[in-house]
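Please go over the structures that come below.
One chain, chain A, links the two complexes that follow: it is found with chain B in the first and with chain C in the second.
What follows is the complex of A and B.
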């Protein structure tokens, strides 16, 4: 009965409840968007690793990341790796995190050096032009070409040299680390580096499991680290996530505190209006615990409706972001939804507790005063 | 009207306090987010500006310290020092590394220099003196629970932590400092590679000029006489590093800040709407006993104004406390929330939205029958 009363009394103030739910939903939306943008960008970082075509990545010993790391593997290692049983094909890439200038605008990119005819590690989907590069040429992400206005036949500056844009690739853009492809020798010159690759991309025979092959390569080739693509993707995304974990947690905490305050405020205004009814409930013999239950139910309903509105709002914002701000990747995971749901439940309970004293102080005699 | 507003605010002090707290919290969130972006720029700039150089020589085509790999030929140092007006050209190298402890990996930028370039003051411990020593940023110490006297292990090599320095992170990556003797030892003893020729020894030259020497003239003379280097002022490199941060994270942060502003201002409007709507009965009573509509509207607006004006300093203080707490518990992130432009814009936005939110319910009240307010 008390639950029914809680729901009915809440529905009687529909306009106020809608306004309150929208306000709380706005705070939740902010949390969702933080997570969605961070997750989107983090996942985008791993796209090159996932799509480069390798089953196993071989890097300098002790290096287990591409993101925020550098790796140097002697050129002779390629032959050693190719001779390991279970290797179908191997190719080398040289890479560097550095600035690339697109018509005066500088972008921090992964610059990948490949050789002509190389498939592993080369662009896998093209919007326009060709995926193979000769010395002096470059393939850039199509998104970056659109944003900067540098198209096929234009030039971009990598280090101190101008390179001709011969291809626009797809799926290679992220706001934090777009991938551009240059000829291996151009990058080696830029790095003043002869006789080295950054990593080897290995394809396994059909009957060889990548994990098994990685172990075999580490056992047979000195001073290298071999990881399956799955492991490397996991390692890189975990590193990127760790870099932002604290700030995301802080922002989530701040927004959760704001949401708590908003739910608390809503319930405060609501219970202030219902003072007489609460007094009647107490006069009728309902215990303090029943009245608390009513407040918890109402807070939970406000938080739950806000959560639903926030999910809808986030979906709209995410699709708007994809349409308008093509440079930012947005991805909302079920895990993030569940975490925010947990925060929402906490918000409802804490907001209810804030009102406990007020509810407890309602005197049954109040009913006779008005 | 102000008396009416103050009367309403006093009538239910708890609700007024909650309104002020809510709006202050919204303002704090908006300022903190803006502060993340401002702090990121400050951190990036300080990498070049804190090196103590009058000019910085880099590999041709490179114009950053953060996010760049610069390699210079060993002979470049002598050639630069031979240019008139150059007092000294101290070597500096940067090396991106990853420290792993207890399954947690943190990327760090190791900055190697002997005299100019390394911090001369530490928050804890002492400055670099001998081989095998390292200074680490406070954020790295906190993330991994490291302290002075402990070992920092990277690629199988153990550095001895002799000091902890403050505010030397950039792009959410802590900096660490060591000297060249340690770098050589690290290259030979760490599990890096069979052949070390790929690893940089000289990346930058931190140039100090003779007193009273004009830097632009020396810069031109170096670039003309030493083709193996490009030369920039620390301010230019700081600008480039800041631009790098804007390019990498600007779109992401701007999107989040934009959403936070829209959300924040909407929340304030809805907050004031709820507050004013909750006063509907009081307003109806005033209307029933003959208060002029002008006075009621004025009272509602004055109430919104008072709430925002009280909430604004509270929100600014809350943002400042929040930034300090972040600095204490997560020193990797510098938050600078109190830029005057941000504060002014945020307060103006709050005033506009809270006013709009408060006035909304008056339309409902206008249609309210005086007798209706006496019904339950």
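What follows is the complex of A and C.
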């Protein structure tokens, strides 16, 4: 009955509850969107690794990431790797994280150097043009071309060179790390790097498991690190998440604090309005715990409704973002939903704790003065 | 709990508010026993300590000194959690402002205290049915308090106070917000309940009509209590307005030309002071202020 009273009395103050829930929902939506964008961008980062066509990636010993890492593998290693049993095909790519200028706008990109006719590591889906590049040519993400107004036949600047855009690729854009493809020689010249690749992309025979092949390569080829695509994707996304953990935690903390203050303020006003009823409950013999339970229920109700509103709001925003702002990859994961639900529960508990003293200080004797 | 020991008993009860020179003794050495089935009315001027005494008797307030026993248990030093349990099982409250919970229906308001009793709400449903019937509220059981008349609200409050078959009902100005007809009705309900349920009823009021149903009428002034019916009334007239004033209880007095005068209000005293000659005639008063020594 006390829970019913708590719920109904809160619902009676509909306007206040709605205003508070919306305000808290706005804070939760911020957390949701921040996480969704981060997750989307992180996933997008791994798209190249997943779609490059390799089962195993061979890099310099001690290097276990592509993201934010450099790897140099001598050209001779390619033949050694190709001779390992279970290898169907191997191709080399050279890559660099650097700025690429599109119509005066600078974008931080992954520049992947490939050789003509190479399938592994080359663009896998094209919007327009061709996927193969000759020296002096470049394939850029279609989204980036649209955003910057560069089309086929236009040029972009990589390092000190103007390269001709010959293809617009799909699924290669992310706001933080779009992937552009150039001829391997252009990139090697830019890096002043001859005789080296960044990594080798290996396809396994059908009867060979990628994990098994990676172990075999490491055993038979000196000074290399071999990882399955699955392992590399996991390693790169983990690194990207790790880099964002503190920022996300800070953002979540700020929004949670804001939400706690909002719920706390709402409950403060609500308990002030219901002060007499709280005193009546105490006079009747309800313990402090009973009254506190009512406050917890009310705080939880505000937080839960805010969570629901935020979830709906985020779904709408994510859909709008995908439709209107294709430069941002948005991905709402069950993990993020659970985490914000946890934040919501914490907000309700902390907001209730803020009121513990107030609830405890309600004097039952005041019922006779009202 | 027996009639001999009383449902509620206070001994040398003192409650002081404030400290030092500013300390006010709201209740000053009150010893009182109320037995089962007894209706005790406590009257007195505003600020005389009536509500404080009621709060002490209901274990809502702790005394500065003295003791309070409810249903045979000394509650003076009882921990708060036990006090709450004791109130739930032994004390019902009826307030001037009704103090029903707006979010709950009539029936839910009545059943609410049963949540704290053995058996809980389920076991109290038939009791609630009986009380709602007796207080003519059956057809209003699903109504919200906001839709009830003042009389109905107070009847709901009475049913709520009785749901746990408590031995003690404390009512603070139960007719204060009601018109004369509804006030009389509520008074009779309280009277019937005391008789039929055998519980002690203590009523704090300014309403002289309630005196009629009381077994005892106590007068509380300056924190001290006395049995009003045991003392003879000595009526004198206010020299200004001519209203009858109880010499015992009148608080506004003035000595003029060697004689004491009593007034019904400060306003009358001020009018008297401005022009005493207008109210004192032929060596006497225009309205004779008799019986003042």
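Definition applied: the second predicted complex is superposed on the first by the 370 of 370 C-alpha atoms of A that agree within 3 Å, B and C clash if a C-alpha of one lies under 4 Å from a C-alpha of the other, contacts with A are read in each partner's own complex, and residues count from 1 in each chain.
Following the convention adopted for this analysis, a contact is a pair of C-beta atoms (placed from the backbone, for glycine too) under 8 Å apart; a residue touches a chain by one contact, two chains touch by 3 or more.
If you're wondering where the values come from, they're calculated on a predicted model, not measured in any experiment.
S.K.: Using the touch definition from the top, say if A:223 reaches chain B (first), chain C (second), both or neither.
M.R.: first
S.K.: Looking at A:1 after the superposition, I want to know if it touches chain B, chain C, both of them or none. Which is it: first, second, both, neither?
M.R.: After superposing on A, A:1 lies in contact with chain C but is clear of chain B.
S.K.: Per the contact definition in the header, classify A:282: touching chain B only (first), chain C only (second), both, or neither.
M.R.: Only chain C; A:282 stays clear of chain B.
S.K.: Output check: A:30 vs chain B and chain C. Expected answer is one of first, second, both, neither. What do you get?
M.R.: In the superposition, A:30 contacts chain B only.
S.K.: In the superposed arrangement, which partner chain does A:9 touch: chain B (first), chain C (second), both, or neither?
M.R.: It touches chain C, and chain B stays clear.
S.K.: Which partner, once the models are overlaid, touches more of chain A's residues, chain C or chain B?
M.R.: Answer, by number of touched residues of chain A: B.
S.K.: Just which bits of chain A does chain B share with chain C as contact spots?
M.R.: 276, 370
S.K.: Which stretch or stretches of chain C touch chain A in the complex?
M.R.: Counting only chain C, the residues touching chain A are 51, 54-55, 58, 60-61, 80-81, 84-89, 91, 93, 95, 97, 99, 101-104, 108, 111-113, 115-116, 121, 172.
S.K.: Which stretch or stretches of chain A touch chain B in the complex?
M.R.: The contact residues of chain A facing chain B are 15-16, 19-20, 22-23, 26-27, 29-30, 33-34, 37, 41, 60-65, 67-70, 72-74, 96-99, 105-108, 157-161, 175-177, 190-193, 195-196, 222-223, 235, 238-239, 242-244, 246-247, 250-251, 254-255, 257-258, 261-262, 264-266, 268-269, 272-273, 276, 317, 321, 325, 327-328, 358, 370.
S.K.: Over in the complex, which chain A residues touch chain C? Could you list them?
M.R.: On the chain A side, the touching residues are 1-2, 4-5, 8-9, 12, 276-277, 280-288, 363-365, 367-370.
S.K.: Contact residues on chain B for chain A in the complex?
M.R.: Result: residues 12, 14-15, 18-19, 21-22, 25-26, 28-29, 32-33, 36, 59-64, 67-69, 71, 96-98, 104-107, 155-156, 172-173, 190-195, 197-199, 230, 240, 243-244, 247-249, 251-252, 255-256, 259-260, 263-264, 266-267, 270-271, 273-275, 277-278, 281, 322, 326, 330, 332-333, 364, 376 of chain B touch chain A.
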